[in-house]
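Below, each structure is written out as structure tokens.
The following pair of complexes shares a single chain, chain A, combined with chain B in the former and chain C in the latter.
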Partner chain A sequence: MKRQNILIIILLLWSLGPLLWQIYTSFSTTESIIRPFETEGNRWTIDHYIQVLNADPPFWRYLFNSFIVGITSTFLTLLLAIPASYVIGNSNSKFAKSFKILLLTASLFPYVLLFLSLLEVARDFGLGNNLFALCIPYSALSMPLAVLLLSAAFKDLPNDLEEAARIEGLNLWQRLRYVLMPLITPAISSTAIIIFIFSWNEYPIALTWITKSNLITLPVAIARIAGSSIYSVPYGAYAAATVLGAIPLILIVLLFQRQIVSGLTQGAIKG
Partner chain B sequence: MTLNVINMGKCINKKWIIRDISFDVKDGECLAILGPSGCGKSTTLRLIAGLDKANQGKIYINGLDVTNLSPVDRQVGMVFQSYALFPHLDVSSNLSLGLKIRGVSLEDQTKKITSILSIMQLDHLSDRLPSELSGGQRQRVALARALLRDAHVYLLDEPMSNLDAQLRETLRPELRKLVLNREQPVLYVTHDQQEAMAMADRIAILKDGYIEQIGTPEELYKKPGSIFVANFIGRPQINMLPISNGVIKAIRPEHIYIDNQGFPCKLVHKEWLGINQLFFLDTAIGPIRMICESSVSLPQEINISWDEKNVHEFNANSGKRCI
Partner chain C sequence: MINYILILPAIILIGIVFGYPIIRYFWLSFHASSVLTNLDVINNNGANWLRVIGDGRFWQDTIQTFRFASVSVSLELIIAMAIALLLNQKFRARGVVRALTLLPWALPTTIMALGWRWIFNTPYGPIEKIALLMGFESINILSNPNLAWMATVIADIWKTTPFITLILLAGLQTIPNDLYEALKLEGGKSFDSFIRITVPLLRPYLLISVLFRLAQAFGVFDLIQVMTGGGPAGSTESLGLYAYLNAMRFLDFGYSATIIFFSFIILSSFCLLSWFLIRKSKLILSSK
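Up next is the complex of A and B:
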């Protein structure tokens, strides 16, 4: 075997190891979890999955909640970020440049520091226990990165294309709809996935804004499973829940992987 | 339909890119805007198209003041130097997008596109993407898109500069036939004097943002208004003779002939051009270029002469033509 193949395998084990271990654990009986390498009679089980799926409220409810929040935040972010990026990407003014630096600063700010004050905001405006309200901080927090990625994509488009469209009689909306957005689809879809993953995984805000158990999102639900008993940690159920929670994300990423890669590298090199 | 430009100017960061540009283009007339790179040719075109706003002057299309109108309302057809075809749309969608936006019925769209595709000999390529076309084919698609615009004015920005020399020559008559036989004014921007002479009814020579001279190709060749124009028009380049009494004389290489009574010079170098040959001569008044038939063979030492009527005279200070 070539040396680079060995390196690839080590790298794969390194990054996939925890995930594989989680899958392994989720199918192990409670007894075998604490003795992972012993081979005995009743090694494998799907009880943890049955337990998680049959809980009250059932597990798919959390998936559904997270999905709603993810889709809505993604849509809201793109709705606001695309026009903003169009302007920032096409403008050479000092204002646009300083705005970009501000955005970069914002995207570097650790958002966990914000959640207490955000909680105050939620309380004052009555935004607690509302899935759609959760989308407001999510899209606000994703906005800087989204605008940076999309404005780079807009900037890379040759000016001639938009000018040709203007000559053809397309107004601003039509130019975005028929010419510019189709051309930056890779950037849009990779940005969308990044936003979706962020809101799918977000924990502190979801934990503090939502208290009703049928409205909580996936990370909160998984944490609840892990902390459901004082005397033991239900590793099996916890592992099963994480696997179930990861499957939709993996499917989405596999589905869009080509766009993600080309979108993230867009703007890296001038064509 | 006419295009009138009056004292048009564009100023960016307190620097005038072009200034005091005035010209008229009549129905079906082709005016070439010719000049070296950076002289403001493309800016002139962009101002007329409405892609940039003029800081000075007026633009009229068919007598209507369009100076402050958007490109849509000016109804111009434009071919970009890069062609600017929409890369994600196939040829027929590239052509139909504008028609659709302008509210042409689906039936008419199909009719118009089919007819323009067959005129352009692109029928078999209608479902190709621009990236799958050759340079010449892309140019024709860009032209087809501009022609479908039913424009009041056509603007062509170096439409041939991305093509190789041979293709350029074959496309020239085609382009003339397709665009210039229309009833609208055509503005043709180029840096290639040969192309300008071949395509245009009149040429405006632009230098540093000002119009240096405007006239028919023949006028520019026979009566260049300045040293710049004389140097720019005509290949091989005109011979500039040394200054005497504040006057610079110039004589074209094709007007010099061998004459035993003429003044002596030495043959330095020659270029064989096929139909004729170009001699580089060293004389007492500096180097001189001369054109002869290709059959002539010259000794090292020759005598040359020219007729006074073919000499152009320019003021050495202003660079303008005397008389």
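Up next is the complex of A and C:
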């Protein structure tokens, strides 16, 4: 076998190993989970999956919650970031520049340190236990990346184009909607997918803002399974929940690989 | 004028989510707000700041946070460079392989941290079992103060290397092939071309990944909380976790805010410093 192939197999084992181990654990009976390398009768089971899927509230409910949070956060971020990026991409004013520096500083701040204070904000404004409210912190946390990506895309568009549309008598909204935005669709979709994944996965804020068990998001729900027994972590059920929860993400990564890659790299480089 | 209106909503949102907490932490750091004060906020004239300077646990956590951040980020850079060089070559199903290596980045940190805890579990996890099968004594990784932090570093490397790999891969694609050809004609070996072409031209990409990752690694919280809870014997406790414990477990919000604000100052100066150092080294190299 070529050296290159061996290296690629090692790389894939490293990248997928922990997930593969979860899959292996999730199909093992409770007795064989603690003896991972011994072969014996009755090694395999789907009981953990049945247990997770039949729990109350049902597992798909968490998928649905995470989906709602992901979609609303993505939508709100784009709604605010597109106009702001249009200005920053087209203007060299001091105001636009200082806004960009503000964003960069914000993106360096370790966001987990914010959530204690954000919890107070949620309490003061009655935002707790509301899935839609989560899009407020998530949009703000996604804003630096979104604005950097989108403003770079606006900047790359030729100026004549918008000038021509202006002469045709289109107002700002029409120019954005019918001329400029269709041309930056690749940047918009990259941004959207990265924000969606971030919002889907976010843990500390989701944990502290949402306490009703039928409203919690997927990561919180999976973590709850782990904490449901005080004696030992029920690793079988936990692994099954992890595998089920990972399926949508695997699909997203495989389908939108190109958008994610260009989004992450552009975001880091143009920033 | 219209420009201001278009940016304003984004600024307001950032103000609420970033600006307000930072100002609030700063203000709270000069106040006592804990169980002792019935959670009322009382001015204590900087007592929190005196306390944090004399707090051995805070400084121990600072050292641990630096150790965690510097070891993970430097190992991540080396591994990501190797992976990027590999993924930049031509092979079959390259797109799928690239997508699969991205997966650790896309999975939720907390969930996979618990997965790693299971892998390092004693006595049931695979690492422990393999060690026993190979005839070693029980390693008991997560209960050993000298090893537990390395386990958290491994999990962090697994999770965040894909991000650096992507950036370096993007950088590699900007290097024209002619440069390598030219060096080959001059009789350079492939290691020469790595040192003389790849590394210097990737410098801006390396710089940006170091900055991003240092800032993130410095704020590490959920990974540690799930894998070790800061133990054993506080050996893996990060500043973020210490601030969290002060607020949520000891209910000392004033002191927690002080820790958060102080770590933010340390982090910013550290980021600025490394930025200047790397920029300076770039000047030295380019003047050669």
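Simple rule for what comes next: the second predicted complex is superposed on the first by the 256 of 271 C-alpha atoms of A that agree within 3 Å, B and C clash if a C-alpha of one lies under 4 Å from a C-alpha of the other, contacts with A are read in each partner's own complex, and residues count from 1 in each chain.
Criterion: a contact is a pair of C-beta atoms (placed from the backbone, for glycine too) under 8 Å apart; a residue touches a chain by one contact, two chains touch by 3 or more.
This one's a predicted model, so the numbers in the text were calculated from it and none came from an experiment.
Enquirer: Looking at the superposed three-chain arrangement on chain A, would you call chain B and chain C a clash or a fit?
Expert: fit
Enquirer: Of the partners chain B and chain C, which touch A:P182 in the superposed model: first, second, both, neither?
Expert: Once the two structures are laid over each other on A, A:P182 reaches chain B alone.
Enquirer: Report for A:L108: first if it touches chain B alone, second if chain C alone, otherwise both or neither.
Expert: Touch partner of A:L108: chain C, not chain B.
Enquirer: Once the structures are superposed on A, label A:Q174 by its partner contacts, choosing first (chain B), second (chain C), both or neither.
Expert: A:Q174 contacts chain B only, not chain C.
Enquirer: Examine A:L127 and indicate which partner it touches, taking first as chain B and second as chain C; both and neither are also allowed.
Expert: Neither partner.
Enquirer: Identify the partner contact of A:A164: answer first if only chain B is touched, second if only chain C is, both if each is, neither if none is.
Expert: The first partner, chain B, only.
Enquirer: Could you give the angle made at the Cα centre of chain A by the lines to the Cα centres of chain B and chain C, to the nearest 10°?
Expert: About 100 degrees, rounded to the nearest 10.
Enquirer: Which holds for A:Q22: it touches chain B only (first), chain C only (second), both, or neither?
Expert: second
Enquirer: Of the two partners chain B and chain C, which one touches more residues belonging to chain A?
Expert: It is C that touches the greater number of chain A residues.
Enquirer: Once you lay one complex on the other using chain A, what is the shortest C-alpha distance from chain B to chain C, in Å?
Expert: After superposing on chain A, chain B and chain C come no closer than 15 Å at C-alpha.
Enquirer: Between chain B and chain C, which residues of chain A are contacted by each of them?
Expert: Dual-contact residues (chain A): none.
Enquirer: Which residues of chain B touch chain A in their complex?
Expert: 49-51, 70-72, 76-78, 80-82, 84-88, 97-98, 101-102, 145, 149
Enquirer: Which residues of chain A touch chain B once you look at their complex with the stated criterion?
Expert: Counting only chain A, the residues touching chain B are 158, 160-161, 163-171, 174, 178-179, 182-183.
Enquirer: Any idea which chain A residues touch chain C in the complex?
Expert: Residues 4-5, 7-8, 11-12, 14-16, 18-19, 21-22, 25, 33-34, 36-37, 80-81, 83-84, 86-88, 91, 93, 95-96, 99, 102-103, 106-114, 116-118, 120-121, 136-137, 139-141, 143, 147, 172, 197, 200-201, 203-204, 218-219, 222-223, 226, 233, 235, 238-239, 242, 245-246, 249-250, 252-254, 257, 260-261, 264-265, 268-269, 271 of chain A touch chain C in their complex.
Enquirer: Per the contact definition, I'd like the list of chain C residues that touch chain A in the complex.
Expert: Residues in contact with chain A: 2-4, 6-7, 9-11, 13-14, 16-18, 20-22, 24-25, 83, 86, 89, 91, 95-104, 106-112, 114-116, 118-119, 124-126, 129, 133, 158, 162-163, 166-167, 169-170, 204-205, 208-209, 211-212, 215-216, 218-222, 226, 240, 243-244, 247-248, 253, 256-257, 260, 263-264, 267-268, 271.
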